[in-house]
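When the chains are written out, they are named A, B, C, D and E in that same order, and each has its own residue count from 1.
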Amino acid sequence: MALGPASLEIATLALAFLVLAWDLIEPARESAGRRGGLYALAAAGLVLILLGSERVPLPGSLTDAFVLDPFALLVKRILLATALLAVAGLHAHTRARGIAWRSGEALVLLLFATVGGMALVSARELLTLFVAFELLSLPLYVLTALEKERRTAAEGAIKMFLFGSVSSAVLLLGIALLAAGTGTTFWMRVAAWPHDPIVRLGAALVVTGFGFKLAAFPFSLWAPDTYQSAPAPVVAFLSVAPKAAAVAALFRLVFEMFGPAGIPVGSWIAVLAGGTMLVGNLLALRQRDLKRLLAYSGIAQIGYVLAALAAGTRLAAGLSLFYFVAYLAANAGAFLVVAAMEAAGEEPTLHGARNLVRRSPVLASSMLVFLLSLGGIPFALGFWGKMYVFLAAADAGLWWLVTIGALLAVVALFYYLTIARWMFIVRDEGPALTVPAPLAAAIIACAIVAGAGGLIPQRFAEPALRAVDAMTNSSSR
Amino acid sequence: MRDAAFWSLSVLLLGAAAAVVTARSLIRAAFALAGSLLATAALYLLLTSPLLAAVQVLLYTGGVLTLVVFALVVAGANEPAARFRKPLPAGMLALAVFAALASAIGTLPAGPGVGGLESGRDVGLALFGDYLVPFELLSVLLLAAVFGALLLARRERAS
Amino acid sequence: MTHILSATLLGPLLAAAAILALPARAARAIRWVSVAGALVPLAGSLLLLARYDPRAGGFQFLETVPLIPEIGLAFRLGVDGIAVPLVFLTAIIHLTSLFVSWSLAEREKEFFLFIALLVTGVYGVFVSLDLFVFFLFYELAVLPMYVLIGIWGSSMEIEGRGPFAALFPKIGVGRKEYGAMKLTLYLLAGSAFILVGIFLLWVEGGRTFDYATLAAERLGVGVQRSAFLLFYVGFGVLAGIWPFHTWSPDGHAAAPAAGSMMHAGVLMKLGAYGVLRLGFGLLPAAGAELAWLVGGIAVVNIVYGALAAGRQTDIKYLIAYSSVSHMGIVMLGMAALNEPGLSGSVYQMVAHGVMTALFFALVNLVYGISHVRDMTAMGGYAARMPGIATFFVLAGLSSLGLPGLAGFTAELLVFLGAWTSSHAWWLIPALIGAFVTALYVLRAVRTIFLGPLEPARSSGLRDARGAEWVGFAILGGALVLLGVWPRLLLRPLNAGVGELLMRLGG
Amino acid sequence: MTAPALLLVASALFSIGLFGVLARRHAIAVLLSIELMFNAVNLAVVTVAWSRGWLAGVVLALFGIAITVAEIAVGLALVLLASRMPGRVLLDELSELDG
Amino acid sequence: MLPLALTVLAGPLGALALIGLVPPLRRSGRPAAFVAIAGTAVALMAAAALAAPFVTAAPPAPAAFELVWMPLGTVPAIPFGLLVDGLSASMAVLVALVALLVQVYSLAYMAGEPPSSLGRYFAYHALFAFAMLGLVLAHNLLQTYVCWELVGLGSYLLIGFWFDRPAAGRAALKAFWTTRLGDVGFALGIVVLWSAAGTFTFAELFAKASSGAIAGGALTLGMLGIYAGAMGKSAQAPLHVWLPDAMEGPTPVSALIHAATMVAAGVYLMIRVAPLLALTPAVAEAVFAIGVATALLGASMALVERDLKRILAHSTVSQLGFMMAAVGSGGAAAAYFHLLTHGFFKALLFLAAGSLIHAFHTNDIFSMGRAVRAMPVTSACFAAGALALAGILPASGFFSKDEVLAAVLAGGHPVGFAILVGTAALTAFYIGRALLIALVGAGSGASREAHDPPPAMTAPMLVLAVPALAFGIAGPTVSRLVAAPEEHAPVVVPILGTLAALGGAAAAWVAFRRGALEIRARGPLAPLIRALERRWYLDAPFEWGYRVLHAGVFRGIAWLDRYVVDGAVNALAWGTWGAAGRLRAIQNGRVQDALYAVAAGLVLLAWLAWGA
């Protein structure tokens, strides 16, 4: 039993332990320079893993519980990239807030969560799925409260924790019910799916559990509060990685379990998608806190992906992957901009973004790119992403979803444009903002992907579509 | 005999659970929880799994109870005047969830169980065979939990 | 394979990139780069006019770059006889809008950047032969207007009556933020319908976005009908069809000169072009079946727009409502579904584009000079701004259909088409609209320019100057040229319209 | 003693726990209720294992117990953190973030 | 012939382009004037050369020339062309001649204008001359319409020439709007005829119509439309209301546009399409009836007018009614003859009036007086014109009016004939009144120093006086020009006409021989006189209509748009905003309330799973 298929997880774990070791043996806890080394180590390690991910043999599997196919690999790369961005953000954030001595723990927890997400997309067995699900949650509860001196830190974390715990319980119950119907947690081993209500109920409970991770309405109510209270770099990770992993895992479930079992999960998810788009977009309209606004916007964005998930086709899976690349760049980028604002001592609100174009042209223009991408405006990458998921939904005949999605995307522009207005049109004075170099580099990288990437969408779409082809080929028995 | 044990244990379990969610005193609630966990352990015995029963009693009940009592001491029980907030909608939702679960469970065939979960060795083999990956992940998870709890709970000098 | 079309697209795009690279201080360089970016497509459009072969017909100057074959998406460019005149129109207005904005002295870099982006989108729509790329450019063309209005626009709050007295200030009716947001969101809401329509065609038409393939596809009547209605509503919003036109007055009134020139002059045509190209062109059966609707609404537009314009005292609103009325003529010609009607429809797109661009340029200049938008507070301006008055009268005469100017040629063709269509009665309201146009346009001329000039109002008034003259002269010259030499555009147009009619008939 | 009966008991336990989560005001009481829910789920898992002779169910239950402990540890830590702000152990008091 | 015809147009067009496109020339004033005059002179010479062959005993065949203006794919192209026949060539001479004289006259009359205004004035003149000549030479209906509108534009610009006078702006608007109202019909008529016949060209239209290829209904509708256009331009009741107000323009303009040429364009058009009119008797009846009514109406309003120019304007309305009556009764030749003589004598009258106004600085005849002695040339010219207008032998008006009356009688309209004879008497009366009061009487302005104008003004008057007096002998030639058979009217007609004219003149002499005499609105005739002074209250419906349109319809639609159509948009936006606000209640910050959502979502999904 070669460990090759899990090599990325193992490497990331190894990196985590390296960071931990460095953190433990480092003598001077207050030294900023050394902390920089810690972050450099984490970043370099993540970059190396990302580069190494090119060489992983495909496809492979570890027992029957764990598979590495191109689909999983692509999502893992998304997760690793998200983690890398969060590392850059945390560097600036911990220094600015004077909590640099927590850097080691923060990075380790971040890497653990990354491992959880990576395992989640490879899981082909319910127990593995569940543990990976937990591993993606638990470190994040802690990370959201990283800045624990903040009044609201515990509040946001507790809210997430309660939702997460209840969802975990529900997910586990769903797994139990599925097992009650089939007698195994290895869904690939099920030869003939029974048409029991218990199996369908189990599927419903599993979807409910994943609803928390996706922050899909009505399981999304924790997200705005948590995002608002959590450090922005953590939110950059929190708003992308769990969602990407959860969507990927759900796609796998749809293809390999719900599909063969004849459970119409798609139609349930369509309902969730409609509600999620609607509520996310409406609630985002009147927000003034940027993190909160982006939280709702993220909920809305997930609604669009759920439309593709509801379609449940191979095309939809590929295009969703594409979507997540765009979403990663834009959403994580936007939260990093907020992180930069916070790190520079500016409040993360609309008012704080006033006249940003004068105060920090880099932040303002990057943020504009992110907003355009999130808003689905050509030629940003997000434009293609949004069009693609709608196309996937249309392809599956979900016309009502496409229609309300397209219309709500217009409502969304209201708040995206409102941010843009504060940054570019409002002329109130404010201090100039300086951005630490690593964070600036991360933001600019995101902006380049989200902006210039839109000029070459095929570069992103082709691998995504090919990855899906490979996955369904390997799994079609 | 087994049925009688099952029913009485079930009543005990649910009674203790009701006490957990209704007890005015948190300490009492904690001990009620311990009771319900122990009742569950007994049920596990009935379900032919002494291993689980042992783990339940030793690790779970003991660990959880210790943690909770410790937390109550540190945080202060600080009992509110009223235990409940809006118990009626909460109860109705809980009932609805129960109804949803029960309606599916009701369709299951009612037969005696197969049992045969006694072998600890088989469990160990499964753990290192089919379930190696989750087991490894679980170890990371536990590490993360320890780590996280420490990070959150330790008191630091403000810098 | 020529690259005229990609050059046309790249001109403004590269100009945008260059502007982005230039420092904000270098306002003069930025202006000239913009002009250079406008001259490239102008030259391209002239080449198209000269080299488009009406005998061969069809789409010419084709270029294709595959993008995502899995979903039938490629970067396909090409123009037919209908698109050629519209590219020409865009080029003219693009160039003149720069000249008219020559004296703008606030955040020039961003201004010219957004203009370049906007106009790239417009060219893109007219030359793309892939529905998705079409849509992409369409959205690109719509959005920069938000910034243009938001930063360089003007506000004039409107007081609500009765129960609206409290509501209007809350919504901010009349403020530029309101106008910008309303325009943007309304148009993009329309584009949501277009998107659904395009996807519908993709799903039903063999999973491709290729115009030619879809055109060859035999789509069911039901699908055609749904898609046609989606396109009609979606594009119709931008074309200002009643009752989806109300973004136009509020938006155009708030916009700066170049913004409303581009928007009313060209972008509204995008909407009409979309209905013509994707609606009637791709869905001939539904087009023929639903022409009664298009024509009926068009007639409402003509009369309603003119009547609403009659009451306006804000000059910008007046012009905006006149656009609503004139876009009705465009749609009416289309709905006539015959040769004069369709030719007239496209001709009116060009004619109205030039005319309304000239109008908005003048009106904004008058506003810039006098800081007054309310006509009733004007009077006698001809004494101080004879040049502006002359061009205003010229534009006004074109808008009321005076022969010898572009508007007449278009209206004549549309009227001929309307009467010989299957709904001859459409002509009557159209004529009434033309008459009402004479009422409000000439009333505006009188109120603004004629009469005695009160000394209190005369201070600071001046005529146009410098580059502004160039802009006005080009637009005015175009009005006359298109009025006396319709052959210029009708030559390619006849080819395009002929093919469209073949499809509609067959 | 049948599987449905056991599962019904587990469901009841789950619902009681859920009620506690929704209705109790004290944060630690809510944590206790979550324990009840996890316990219910574990009971269900073991029931399924027992009813089908499915040994892996025991593994699943073991994992469930472990994860529950981990959860409760982090949860209690969070409650402790919250309680450092005077008196904030009632969940309703943790409502600064809204809208 | 073609080069000549093109030269006719090229002269004024060249002048227009030169003045219009070379701003320094326009601003220089007098040089621009000379350019315009030169252009018109060229046109006059070319027109004369063009017309010369047609007055010979053996006129050449009409020549047509056309090129494609708007190519259309399968539908026949829309042409642009010239038609040279006796009618158009001779009319071109009249237009060019009067235009030239008026322009020369304006040199002196407008001498006080600043140079740039003068340049603008002559640019307008060149535009007008070009458009009018184009109208005359047009070989198809569409081109007629094109030039028709341009002529209207020239009129609009020239009426409003003194744009800083509010009254001028208002009058220009009124003129444009009223004629435009008629043009709506004209446009409709053209379109209808096109769709029925597939052509705009006169010759083809006539051929198709006479062969019955055009449906009767379409032909009637088309002709009605065309006549509507003619009503507007030629000031037929009730669309005559703009013409008196148009007198706000400079007087030479009135002479050219609102007396001799443009207002006659409607009559010219009806003469042009006379073959079609002959096929639509109902329309012809209407033309006749409205013509007669207009003649009487105009004359009656002139009776009490105090403003000299307005008297002439009313008179123009009345005379146009005469012409239309003739056209309507099939007497195109008579109408054309009267059109020509009227062109001469009315232009003469206007120029003379301009001279008087120039001298007395007023339009009010009661403020003039004793001009006979102070301004002998002007007075003589005015008298010559008045003689022709009154239709008193041997002036030209006698002959042409004679033919008109004869045509009406021959057309079988004895009642109309009687009315027109009566109107002829009124004509003599009102022009006699004006002449006696302004030239002979001792009004308040009589004492002022007034004298004849400079030669630039007197020369055109004198030139015009010749045809005004002597053109009557050209009657047969004119008939030949329009290719109409010469008809000999019964002897009773000239006798009755002359009696009426003399009677009217005598009455005027009796009433006004002692000079100024205020008209007293008393006695039994008072309501009638008041009605006349108010122009039969015919302006009121238009004003009322406009007011209703503006304050009612416009306002209503604007209200509808702002509060209903757009109101729905605002309501949607506001509603969304409000809904977003209300929806925030679900995020009240209390985590357990939020957890309800999880439980509810679970139930929802379970229900979906159960139901599916």
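Here, contacts are C-beta pairs under 8 Å (C-beta built on N, C-alpha and C of every residue); 3 or more make two chains touch, one makes a residue touch a chain.
Keep in mind that what you see is a predicted model, and the values were worked out from it rather than measured.
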Neighbouring chains shared between chain B and chain E, ordered by label: A, D
Central subunit by CA centre of mass proxy: C
Whole-Å gap between the CA centroids of chain A and chain D: 26
Centre-of-Cα separation between chain C and chain B, whole angstrom: 69
Geometric centre distance via CA averages, chain D-chain C, whole Å: 63
Inter-chain centre distance, chain B versus chain D - centres from mean C-alpha coordinates, in Å: 6
Per-residue overlap in chain D, given as positions that touch at least 2 other chains: 3, 7, 14, 17-18, 21-23, 30, 42, 47, 49, 51-52, 56-57, 59, 63, 67, 70-71, 74, 77-79, 81, 91-92, 94-99
For chain A, residues contacting two or more additional chains: 127, 130-131, 134, 138, 141-142, 145, 148, 158-159, 162, 166, 173, 177, 180, 197, 200-201, 224-225, 286, 411
Numbers and ranges of chain B residues touching at least 2 other chains: 85-86, 89-90, 93-94, 97, 100-101, 103-105, 108, 130-131, 134, 138, 141, 144-145, 148-149, 152
Inter-chain touch pairs (all): A-B, A-C, A-D, A-E, B-D, B-E, C-E, D-E
In the complex, chain E residues that touch chain A: 576-577, 579-581, 583-584, 586-587, 589, 591-592, 594-595, 597-598, 600-602, 604-606, 608-610, 612
Residue ranges of chain E touching chain C (in the complex, touch as defined): 68-75, 78, 116, 142, 145-147, 149-150, 153, 156, 160, 163-166, 168-170, 172-173, 176-177, 180-181, 184, 187-188, 191-192, 194-195, 546, 549-550, 553-555, 557-558, 561-563, 565-570, 573-574
Sites on chain A touched by chain D in the complex: 127, 130-131, 134, 138, 141-142, 145, 148, 151-159, 161-162, 165-166, 168-169, 172-173, 175-177, 179-180, 183-185, 224-225, 228-229, 286-287, 292
Chain A contact footprint on chain B (complex, rising order): 100-101, 103-105, 107-108, 129-134, 137-138, 140-141, 143-145, 147-149, 151-152, 156, 158-159
For the chain A and chain B complex, residues of the former touching the latter: 6, 13, 30, 62-66, 98-99, 101-102, 105, 108-109, 112-113, 115-116, 119, 125, 127-128, 130-132, 134-135, 138-139, 141-142, 145-146, 148-149, 173, 177, 180, 186, 196-198, 200-201
